[in-house]
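Several structures are given next for inspection.
Two complexes follow with subunit A in common, the first pairing it with subunit B and the second with subunit C.
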Partner chain A sequence: MPLDPVHDLGLRLIKKALDEAGHKTILLPPDLSLDEILKRAAEQKHLDYILVSRTIGYGAAEILARFMDLAEATGLRKKTKIAVGGMGIDVKLAAELGFDAGFPSTTTPDQALSYIENRGRLFQNSRQTRIIRNKTDLTKGFSYKFHQDRTQQLLEDIADQILSWAKNKTSPGIERARIKEEILLCEKKGRSSDSSKIKHLRTRYLDLCDPEIAHSYLGQNLPSRTWKIPAQRVKNFQRHIRKLCSQLTLRNPIFLSQNPRLFVQIGSGSPLMDIVHMKICEAWGADGVITICPSSSARHEGLLNGLLNHEGDGTLLTFQNLLLIKKFMAKGTLWGIRAHRGLNSPEAVLYAGLAKADLTKLNFFYGSLGAGTDPARLVVDTLESIRLSAKFGIPFDVPSNDELGGIPTPMSFAGLLVMTKVALRLGAKPILKPLFCYSPWIILNEYMLDNYVDFNAAKIKALRAIVDAPLWVGEPAGFMTHTEDRIQSAVTTALHIELARSLAVQAVTIASTDEAYSRGVINLNPRLDSMKAVEATHRFLGQNQISPSPKADIWAEYLISKIDEILSSARERKDFIRCLHEGIFGGPNEGVYPGRAGRNTIREKA
Partner chain B sequence: MADSALGRVVDGLDIETFLLCENEEEGRNQAFLLMKELGFLQADVIFCEYIGMGVRVRMRAVMNKPCHHYSWLPE
Partner chain C sequence: MPRVIGVVGTAKNTGKTTTILHLLRQGHIKNIPIALVGIGYDGEDIDNVTRLPKPRIFMEKGMFVATSEKCLELSTAELRVISRTGFMTPLGEVVTAKIEDPGLVVVSGPNQAVGLRGVIEEFSSTGVALILIDGSINRIIPLMEADVLVFATGASRNSDISKLTHEMKAIHEIFRLPEAPAEARLMKDANTISILSLNGEIQSIPITSIYDSQDIELLNQALRKESRYVYIPGIVSLGALKIFASEFSSRIASKAFIFPNAGHILAEGHPCDFAQLIPLLESLEIEIRILRSVPLAAVTINPFYARWSPQETKYISCAVNKKELERTMSAILPIPVFNIKEGASDRRLFELLTTSLC
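And now, the complex of A and B:
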């Protein structure tokens, strides 16, 4: 029964649900007077329920109050339950006016049916039925076949050079990872941390760490802006979050049964806040999370220990932090841990494996050109990290580095392909991660002057033309197109993700609307802004595609030919490390410089 | 759970509005003043754009920093 001049859609939907369930219903037209409505009700011999809807907010309280007074006066209240709902309804007011039930505007026809069939009982805190997606292997079904023999051969030769050069080399990072693995194994077997074996292993580990890291193990000061999380706070937090999670209302994954899988990046500095963000993002439809660690921690030899907070651009990679995050992670959530730069790459992958993460991130081009790590050191460490990822069965994504400096996309992609080939040779499973990014090189060459569609599509087309491999768009999608304007940021994210979906990639990483805000941590609500925008945009497009113009194919061809030239130059150089120093994959001309952290630390194996 | 509604804010409180002013600088100043008037002595401007006769602005008051005690977490 609509108490509106025209609106009755909600009631029509509810009537449909009730009719299909076998109930007898009468839908009165809108714009009847209260007397007419009550007259029609009185004509029914048997009337169990009257469902009233009101869309217009103005005057709703008065008209509803009058209706209930008349219903009382005519005796209707004695034989019939009366419920009210709609956009104009304040549920609290409905109770005050004496309605048997009040339904908010978000009520579904199923909920109304449930009310009728349960004899007027309302289900408080009803949980939506969520379609749970099982974890997926993003690499499944890909052959990793290179479509051109020439490219395949170039990459094989370069991979040979790399593996041959690195064959007998080791580093403090590699040795620390091996020692740490032994320590963790001993602890898992129940050995006390005071046992002589563990003490000995720890001494060897600390000998390979920077003093700042070693001192923290010995009970001395933690590095600046780093604090131990008080044990009582952790206890309280766990209890509190468990209670909140038991009431969590879950939404469906945004893309339901199709790709891409949606990832969020989380690294507030505290594993506790990370858990809160993670749970809410899971509830709002995220498929996976990527744990971000601070860039500064990558420059120290050694990883800290314990449940630690850190004020900076990420959450510290300690085994205890990771285990706590994992403890609260939903079963179906995919989890990635970064290991692509710095001096602790093998240990980071070790942690990822032992903490049962699903993914990691590796790319010696990224970490050594523009992100501070010595190329030789990072190559050696990354090869060990790749072996570890294969050992643990964890695929890793290879992020392209064209966001850094002015590295041209072809150079960045040549690097992606080298990493892919090396990974395959070592038995690992790489996922290529081209950035949907308004990068410096693209800005300078005006490739995205008109739109963000064509060149990003060209990237995907080029990679697909070269190799049959999984693709994951990051990081996040639309990087450098965001501003601090929340609406603009949400829209650009949503459209980039729909483009990625149209191009049938396997996964995407989503920004928050705080992406362009650099003076503080990412807040929770801005994450949900973006997810809501993605959801709404997907609702708009459904199965339709964003289609690039023919320019995308022209640019894809250009990228492919340039990639080939770069790989040829690299092979001809016959010294891969020199290639990195000499700028074949990006150098001073492109605004990036080989890193220095860890220089001269690799040595020949004993 | 926290006794006050403000105490239940997970991390930040954003206030978004349109303030009448003559230029962006005045708009920013007024936005900070607005937050002070609302009782938030420490706030940051996330976004501010001057259009026509005023600024579209978003301000943030940090209620809970990740590494500190959380007001919504019982002691």
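And now, the complex of A and C:
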């Protein structure tokens, strides 16, 4: 029965569901007095449930509480359970008001029926609500066929150059990954006889690390802004997170396990905070999470050890941090670990494999042009990382690098294609990750002067015209279109996601509304802004499409032709590392410079 | 048996929790084994409706509490569950627990009298000497299980001090209604309206409450000259009572309407109107009596109220003149009036509730 003069729609929908299930229902008209309702209830010989609909507001609580008092005074509660639902209602308020159950405005008729048919037992979490959450292989069904023979040949030749050049090369990063793999396997076996072996391996590992990293293993000071997480805090946290999970109502993934899969990037600096964010995002319909590590850790040889917090962007890539995050991850959540930037790529992919991540991220163009790593070093390390990803069977995404620097999209995409070909040659499964971003090059050339649709669509069309491969609109969607206004930021994110869905990409990544501007801790509310905006926008559009104008096709053709030119230049150069230094894939003219971290650290294998 | 004290509110944010916290503190100072039960949901940090801050409930080691299972997780105090009551709320089964380590507690106990009775019985075997029942919003029926009541009222009920105090006066008058004579108690377990005649005969009619003229007609048809007591296990609506006062007084003269307790009159929600009608009915020889009297021992006042600010689109804290409120309320009521926030260390309220039983 509605206690509200106007709003009884929710009850009508519930009545329909109950009637169809064979229950006898009476829908009272709205705006009856409490006495009239109680009299009608008293007249029923058999009345198992009363469902009250009311929008809560100041003063409404007193009315509802009075109703419950009268229900008890008149003996109604002896035979009838009474539940309340509507805007602003939740379980706690229902308890405060004295009801037997409370339902928020998002309650579906199905859920109300479940309550009735379960004889008043409340569903409050995913145990009773049917949640569809299926992991998927984003690369499944793709042939990786290059549609143009010329492009195929160009890439084959470039890949030959790269693989031939790197053939006998190794690096400290590669060596460390191999040693670490042995250490972790020994530790897993747990044999005391291996303890001296482990000690020896650790010594070799530390010899290959920067002093700052090595010292931390030896019980000396951790690097600045880094500290251990006390064991008691982890123990307390486990209790806290169990409480949190019991209070969360899981929703289905926003796109219901169809494309695109929705990822959120998380890297607060604290694995505990990351877990909280992850659980909230899972509950709100994310398909997956991407763990972001600090950009600074890409510049040190060696990864730290232990459960560690870090003050700054990104959560430290320690095996223990990753295992903790994995421990609390829901079964159906896809998990990616970033490894593309620096001196620890092979070890990062090793961790991703052993921690049972589903994805990783690699791109030697990204890390070497504008992210500070020496090109030669990063190429050698990335090839090993690709082999590891193939060994562990985890696909990796290849992010384009046209967002912050001035690298033109064609150069960036040429890089994506080179990485794709190299990956295929090594038996791995790449996912191309173009960015939907308002990048400096796009701004300068006015490609998104009056809309963000056409040029982003052109990117997808161009890549699709070149190769049959999975596409993932990468983190975050709509980058550089966000402002400090949370509403604007949420809306632009959501619309970019819908564009990506319209273009039938396989996955998308979103950030929180304050991610570009946060001056401290990433908070949950801005994170939920983006999730809710995506959910609401998708609810609006459903399966309808955002359609680009014919300009998208024109620009796609332009991109394809420029990519061809760039690949041709690279092949002609016959020295891939020189290509990176000479700016064929982006250089000083575009505002990017080859990195220097790890320079002269490659050596020939023994 | 432990002494059971109920704190009733006239609306949200009238100071029930503040009163409870004061009584808890006083009980702890005096080393009295004390238990807390709530019939709603209390202890949260912000109000469910106004989103303004609310006082948290801190409980000391050795105290007892009855709360719903899901509230155990929300509490920072370490709680050891002693018994499970089988009574369900939206937040799970109500359990009784002992505080092993002090901390904050969220209380959401049985929301009906039957559940409260069960909890009181459970606590009786634990050595608890005092049970505090924290009311919820303006609900009163479950609190009629108490031995003595405190009413918490304030500007959030009505920011007009005159109207507020007159209402409280009316409530007090209803609580002072005389108890029914012993012979009427024969009907105490009746589930429907029962009529006891002078010759000892009891007849029933198949309704529990009187809402309208249709119900009145049903009652009238059953009434005889020798009918003396009419026991109403439910309620009589204000409208029906007005009809009695104006239209059928000759039929029901020299009869007594008996309610289970004052709560069954107050639950209708119009204490001033009822209080005005009662002397009118009495003058027409229609007596209003109650089976079980629960004394209203004191009133606590809260000058705060939440006002909706359209400019800020949220509720903001406001207050009436607290001295004027206390002065006016004290002048109109024959029972003590306390402003807990002003006399935080004042023992008088606690001593009054734990020594008097009226």
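Note that in this section the second predicted complex is superposed on the first by the 483 of 606 C-alpha atoms of A that agree within 3 Å, B and C clash if a C-alpha of one lies under 4 Å from a C-alpha of the other, contacts with A are read in each partner's own complex, and residues count from 1 in each chain.
In this text, contacts are C-beta pairs under 8 Å (C-beta built on N, C-alpha and C of every residue); 3 or more make two chains touch, one makes a residue touch a chain.
The model shown is predicted, which means the values in this text are computed figures rather than measured ones.
Considering which of subunit B and subunit C touches more of subunit A, the answer is C. Using the contact criterion defined above for the overlaid structures, shared-chain residue A:Glu565 touches neither subunit B nor subunit C, since it reaches no partner. Judged by the touch definition given at the top, the superposed model places A:Asn523 against subunit B, while subunit C stays out of reach. With both structures placed on the common chain, the touch criterion links A:Asn236 to subunit B but leaves subunit C unconnected.
Of the two partner chains placed around the shared chain by superposition, subunit B is the only one that A:Met273 touches, whereas subunit C remains out of contact.
When the shared chain is aligned, no partner comes close enough to touch A:Asp450: not subunit B, not subunit C. Applying the stated contact rule after C-alpha superposition, one finds that A:Ala65 touches subunit C and leaves subunit B untouched. When the two structures are aligned on the shared chain, A:Gly102 is found in touch with subunit C, with no touch to subunit B. Shared-chain residue A:Asp485: touches subunit B; no touch with subunit C.
Residue contacts after overlaying the shared chain place A:Trp227 against subunit B, while subunit C stays out of touching range. According to the touch criterion, subunit A has no shared surface contacted by subunit B in one complex and subunit C in the other.
Partner subunit A is touched in their complex by these residues of subunit C: 11-12, 39-42, 44, 48-50, 68, 70, 73-74, 88-91, 108, 111-113, 136-142, 191, 207-209, 211-212, 215, 233-235, 237, 239, 263-264, 267-269, 306, 308, 315. By the touch criterion given at the top, residues 10-12, 14, 16, 44, 46-47, 49, 56, 58, 60, 62, 64-67, 69-70, 73-75 of subunit B touch subunit A in their complex. Contact residues of subunit A toward subunit B in the complex are 227, 232-233, 236-237, 240, 268-270, 272-274, 276, 309-311, 483-486, 514, 517, 519-521, 523-525. Those residues of subunit A that touch subunit C in the complex are listed here as 35-36, 38-39, 42, 56-58, 60-62, 65-66, 68-70, 72-75, 77, 88, 90-102, 120, 122, 242-243, 246.
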